[in-house]
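Shared between the two complexes below is chain A, which pairs with chain B and chain C, respectively.
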Partner chain A sequence: MSGLLWLIPCLPLAGFLVNLFARLPKPLAAIVGCAGPIASFALSVAAFAQLPVEQQVFDWIKVGAGPGALSVPFGLRVDGLTGVMILVVTGVGSLIHVYSVAYMQDDDGFARFFAYLNLFMFSMLVLVMGDSLVLMFLGWEGVGLCSYLLIGFWYKELKNADAGKKAFIVNRVGDLGFVLGIFCVWQLFGTLDFAKMGGMPVNQESLAFWGAVFLFVGACGKSAQIPLFVWLPDAMAGPTPVSALIHAATMVTAGIYMVGRMHFLFAASGMLHVLGGVAAATALLAGVIAVAQNDIKKVLAYSTVSQLGFMFAGMASAQFTTGIFHVVTHAFFKALLFLGAGAVIHALHGEQDIRKMGGLARKLPGLAVVFIAGGLALAGMPLTAGYVSKDAILAATYAAHTGPSLVWVTLAATAFITAFYTTRLILVVFMPRPGEHHGDPHHEIHKPGILMMAPLAILAVLSLAGGLLLEKPLAHLLGNVWGTEARVHELAMRLQGGSEFDRAKAFIALEKMGPGVEEYLETRHLEGLLKQAHHVHSLNQGLSIVLFFGGFLSAFYLYGRGRETLKGFVEGPGRRLHSLVENKFYVDEIYEYLVVAPVRMGATVVWFLVDRLLIDTLLVGGAGKIVYGAGWVFRRPHTGSVNVAIGSFMVGALAMLAWMVFRFTR
Partner chain B sequence: MISNYLVLSAALFAVGAFGVLARRNLLIMLMSVELMLNGVNVALLAFARHWGSAGGQHGQVFVIMVMGVAAAEVAVGLAILIAVFRNKKTVDTGDLGSMKG
Partner chain C sequence: MKGLPLLTLITFLPAAAGLLLAVWKTSRAIQVALVASLAVVVLAGAAWVEFDPASSEMQFKEDHEWVRLGVGSIHYAVGVDGISLAMVALTAFLMPLAIACSRQMSRGFMIALLFLESGMLGAFIALDLFLFYVFWEAMLLPMYLIVGIWGGPQRIYAAVKFILYTIAGSVLMFAAILYCYAQAGTFDVELLPGALERARPALGVQQVLFLAFGLSFAIKVPLFPFHTWLPDAHVQAPTAGSVILAGVLLKLGAYGFLRVAIPFFPQAARHYTPLLVALSVIGVVYGALMAMAQSDIKKLVAYSSVSHLGFVMLGIFSGSVAGAQGGVLQMVNHGLSTGALFLLVGIIYERTHRRGVDDFGGMAKVTPVYAALFMVVTLSSIGLPGLNGFVGEFLVLFGSFRGHPWATGIAGLGVILGAVYMLRLYRDVFFGPVTMAEREKTADVTKGELAYLVPVLALIVLLGVFPNSVLSKTERAVQGVVRKLNPEAPVARP
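Up next is the complex of A and B:
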């Protein structure tokens, strides 16, 4: 198997090349486009069965020799973490590819779409399979490029092209952070290979701090955290399968994956506190914004930003398994919701405004069932995938701070809001509104076909059952990665202060973390903590259930019987608040004012001084002026008169003669 | 008396030079060039005679060369002159200003 590892990313790459250049007819392009990811999925399963696997494909970069030499082989490594990621990427990715065949069937850019999607798969797989930061960065940039290409897929509309540019430019900021972070890591460890640096001591604390800061900036860009989250909602300009694959299920989780990979650096530098704060703030902000959005994709986009905050919070609690677990479950239910939203939009001929929907449950019962399944998972209905993973993050956060903390309270509030806006979305889209007549009953509706419904059904099952099914295997698998959890624990203890007791409590917050935990505690005579851990867990479980039903019921009331109350509030005392939230707290406008306008002004000044004055006028224009002036001077003697020419010739001849006489007669 | 010959030579050359510089008719200018050449020829012959066999026969041979070159030059010059006349209908240098920069 290890010899075939390179095929996992390269099969989609082959699909990309074929679809880009071959100009196949649509059915053939679809087969080529889907075959690569599906084959990769099969290979991923095979690789997963024999963890850990690795392969050095070829020597990529070699600089210098001896100590301090930089050598970056193109090496792929699949451990538990990567295994989980490639299964999600290829599995969910394959489903979305199949769905796209139906969704994009009438589009002129059909083959181009699949080419880009396949290139994305290649980049994402390189990102998660690469065994060094450089290879990860290669994939990191590749997915950024594909994101740009696919957001602006319908580039004929300026709005879409602008959204693509915005995503690309905002990600530049993050990517600069990533590059600087790589430099710091190189300085710190002298290697960029994850396995090698993982076992090394962290000596220079300031370097480790800055490395973690810069990498965190990179993660913020890719995974849409404050202050770099503004591109993700706009990224919904792309086709809906793209939103599902790139901007919900896989690419945006790259930042979480990276934090997981570099966990030792983050733990050692104390950055986890910052991470937790930013994550919680992002989760709450995006969750609140999602409540007042009316575009079905915007609601889901802000919900994604919010859930990414949850994942980061999980990482920040040093319970890295919880963050990755939420990545997996979120991939299921958010891909489902986006694909479901795509089917709704498809059915309604491109309508995205939820205020113009309603009563779809009767017209599209199958779609309604799967969409509600995804919605309940997002909202955190007990026993669904979203509930299990979100609850784990809450518990981990609670334990990491040894009790209620601001981050924990914020996350709990966000969980409530999540349940609220998800219920609102489902009610407004699928339930008939009392006393309102919706649309023309004879208005034709596109029923989604089997190619669309089959992926949705699979994802629905995973969204409902995936959490309970996967929790233990995942914990066991990932426990081996961060492994020696004792090491994480030790780092956290060494650098975050606090007594051993507190840290140990953090460490076992999830008593399901793995089979090694109990042994670990027994050897340290800390068995009593297990009981406390159980207590923490059941407390948070109870809280999660209360939060879900709270959000669910209040939305049910406000968008059902209490419509008038809500309407009165929004149009009366809450008018200002509502417009503030509806306009996304004017974050885009603030950025426009604080960042875009100054940059544009600076660019104008530089354009005028450097481009117009220095280059155009002085250098380019100046060279011409010099030649022109010299020509003017030399043209004067050329009078065109034969006599003047002969006269000057004679004067010259005489002068030469005189000179010779003078010179040779001495 | 070599100085007499040299005076004659200088006079011929000066007349020729004046003609080339001052006249505007190309034909006259060409004739003036011939005068200048012959002025030089006179000087060459005078010097050849003056130095006698001590200087060898170089001076006289050189005069023959100059006459040959002059004949060729006149042939070319007249041909150009005729061509100019055919095109411009004039041989007055005042009217031939197309080389003005």
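Up next is the complex of A and C:
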């Protein structure tokens, strides 16, 4: 297997090249486009069976030799964490590719679309399989490029092209952070290979801190956290499968993956607290904005930003498994929701405004069922995948802060809001409104075919059952990545002393680590404390259930049966508040006035003042004027003939030469 | 192979073809020029393959006494190390493209181009300081003519500005060369560093000499604030002129620092490192900002060159092997990417006689192949990993981070701004609806144009994937230069 590892990213790359150059007819283009990801999925499963595997493909960048040399091979490595990621990327990716065949069938750019999607798969797989930070960065920028190309896929509308450009440039800000982070890591460890730096001590605290800060800036860009989240909602300008694949299920989780990969750095540097704060604030802010959106894709986009905040909060709790777990479940249900939304938009001939929908459950019952399944998972209905993973994050955050903390309260509030806006979305889109007769307001409804429904059905099953099914195996698999033994030991040490709560907190961590822990505890006669840990956990579980039903019921009360209870408030006393939220707290406008416009204007002003006026006219021109003036004086005795000019130049040069020879060769 | 004066052949073959064209009034001047330049490619390719990367000696050396002086003599001495080899290869590679894109140009133009090629190649291989100066000056004239005769409406202004700027530098350089000779009694580039060290000129004198050479090279690079000749020259030059100007001529400035200024005056170079790093970084950001403010595509690309060359200089003066390797690689990369950009701009200009950012819109629909090629070059220019530009930029920043963390961070802003102006350019030209009816019928790239575009694009991709093919050749030579600046010469010490 290890000799074939390179095929996992490169099969989609081959698909990209074929579809870019070959100009195949649509059916063939579709087959080529889907074959790569599906084959990669099969290979990923095979690789997953033999963890860990690695392969050095060729030398990419090499400077110097021996110790201290910079050597970046194109090396791929699959451990538990990467294994999970490639299964999600190729699995969910394949489903989305199949769905896209139907979704994009009437588009002129059909082959181009699949070429870009395949290029994305290649980049994303390099991102998660790369064995060094530089290779990860190759994938990191690669997915950014594909995101840019696919957001602006319908480039004839400048709005789309602008959204793509915005995504690229905002991400570039993050990427600069990433690169500076790479440099700090090099200073710290003298290597960029994950496996080599993993075991090293982190001894320069300030360097570690800055390294973690810079890397986190990179993560904020790609994974749309405050202050760099502004590009993601605009990214919905791309075709809906793109939103599902890139801007929900895979690419945007790259930041969480990176934090997981570099967990030792983040844990050692004290950055986890910052991370938790930013994550919780992002989750809440985006959740609030989602409540006031009326574009079906915008609701889901802000929801994604919010859920990414949850994932980061999981990472910030130092129980990294919880964050990755939410990456996986979110990939299922958010891909499902976006694809479902795509089917809705497709059915309504491009309509995206939820206020013009309603009653779709009757017209598209199958679609309604799967969409509601995804929605319930997002809202956190007990036992669904979203519930299990979100609850794990809440519990971990609770434990990490030794009880209720601001981060925890914020996340809990966000969980409530999530249930609220998700329920609102489902009610408004699918439930009938009173007084609306079911004759068609639009044209005929466009029913999704089997190619669209099959991926949705698979994702629906995963969204409902995936959480319970995967929790234990994931904990086991990922525990190895974070270094179970070291952690168990450290936590067991803490169990010996400290407050009761400290111990309970340690236990929650232990519990998540999977098999082996209980035996370990039994040998130390500590099993009694395990109960306390369970107690803390069930407290959070109870809370999660309350939050879900709270959000669900209040949305139902306000929006159920076509009610528009809030209409009076929104149009009356709450008008200002509503438009503040609806316009995303004017963050875009603030950036425009504070950053974009000053730079743009400044460039022009500096060009005129410094380049034209100061350097060109005053300095260069001034020097010229002086020469001219001197020339005017010296011109008097000259005839102006070229011969004379050259002659005097020669004399002058010779005089200089003579003087220097005389002066310096004594 | 061994007995062949390979470098002399490479250097004088174009001039010979130029002479031939001067006397032979043929209508097929372009074919003759193309054959000659392709022959140079073959010869340079042979040199590339034969070159031994493990040796730190000059290779393919030829040495003949030329003018005997009282003490020592002027030699016709040539040879290459990894750095000059890379530059020779770049020059040889770009020249056929520049010729191929000049189908409508006259015989005289071809002659100028061929002489220009000989001048540039000679400057890169010269191992005698006087010979270096001769070639340095020899290439000025053809370039002056190319801009001044075959250029745009304001060609005279641009050509005169170009020549005055350059001569202002070369006068100082010439004086410094003579002084060096007077001190060391030789023009030999390999012997001079040691001889100058033994002569122990006072630090102040070293500094003056370094500045004399340095100013001349800085104008060529061009380093901020000596760059204002560049936008004018670029805008007025015909396509081939811009390609060579950006692709090769600017590299001569950076090459001068590597070959002369740093090895000859290491102490002074160390003394002025902070100044040069500062000017480089200012150039990176300033060039990018200026590029943002432009509406003429050629001017935009010209200012982007100021920004990119800032990276090159930052790498060279980073004091680390990784940084300097990145700088040298970036010299090659910039030659390819910017050369390709000018070729592409030339194509659209030939069709529409417009090159304003606002003169187009929605061209992706009208000319899809052209748009795709332009996209690849754009991405190369903004340093996308997987293409050539990334590795150079990354190594430069990587190498300079330890010694100059702030400079690295600020130069990093150039990477962001690079995306801003290039993507704006791409958006305005290619995306959106087709804004002007007369653009609807613009023809996409022809087979002939593809013939000279595809090789550049292929190299852009190849060097992104296999940068080691260049890095391994230049490593020894770069190490030698970096040791002068920083005796420890770390790759990039953690």
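As a working rule, the second predicted complex is superposed on the first by the 557 of 666 C-alpha atoms of A that agree within 3 Å, B and C clash if a C-alpha of one lies under 4 Å from a C-alpha of the other, contacts with A are read in each partner's own complex, and residues count from 1 in each chain.
Criterion: a residue touches a chain if its C-beta (ideal position, glycine included) is under 8 Å from a C-beta of that chain, and two chains touch if they have at least 3 such contacts.
Remember, it's a predicted structure, so these values are computed and weren't measured experimentally.
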Task = Scan A:D616 for contacts with chain B and chain C and give back first, second, both or neither.
result = second
Inquiry  = Per the contact definition in the header, classify A:G152: touching chain B only (first), chain C only (second), both, or neither.
reply    = second
Inquiry  = If we overlay the two complexes on their shared chain A, which of chain B and chain C does A:M656 touch? Say first, second, both or neither.
reply    = second
Query = Once the shared chain is lined up, is A:G190 touching chain B (first), chain C (second), both, or neither of them?
reply = second
Ask   = When the two structures are laid over each other on chain A, which of chain B and chain C touches more residues of chain A?
value = C
Inquiry  = Applying the document's definition of touch, where does A:R172 land relative to chain B and chain C: first, second, both, or neither?
reply    = second
Message = Let me check the overlay on chain A: which residues of chain A are in contact with chain B and also with chain C?
response = none
Message = Quick check on the complex: what are the chain C residues that touch chain A?
response = 161, 164-165, 174-175, 178-179, 182-183, 225, 228, 286, 289-290, 292-294, 321-322, 325, 362, 364-365, 379, 384-386, 390-391, 394-395, 397-398, 401-402, 408-409, 412-413, 415-416, 419-420, 423-424, 427, 430-433, 465-468, 471-472, 475, 490-494
Ask   = For the complex, which residues does chain A have touching chain B?
value = 634-643, 645-647, 650
Touching residues on chain B, where the partner in the complex is chain A = 17, 20-22, 24, 26, 93-94, 96-101
Task = Name, in rising order, each residue of chain A that touches chain C in their complex.
result = 58-64, 68-70, 134, 137-138, 141-142, 145, 148, 152, 155-158, 161-162, 165, 168-169, 172-173, 175-176, 179-180, 182-183, 186-190, 599-600, 602-604, 606-607, 610-611, 615-616, 619-620, 624, 653, 656-657, 660-661, 664-665
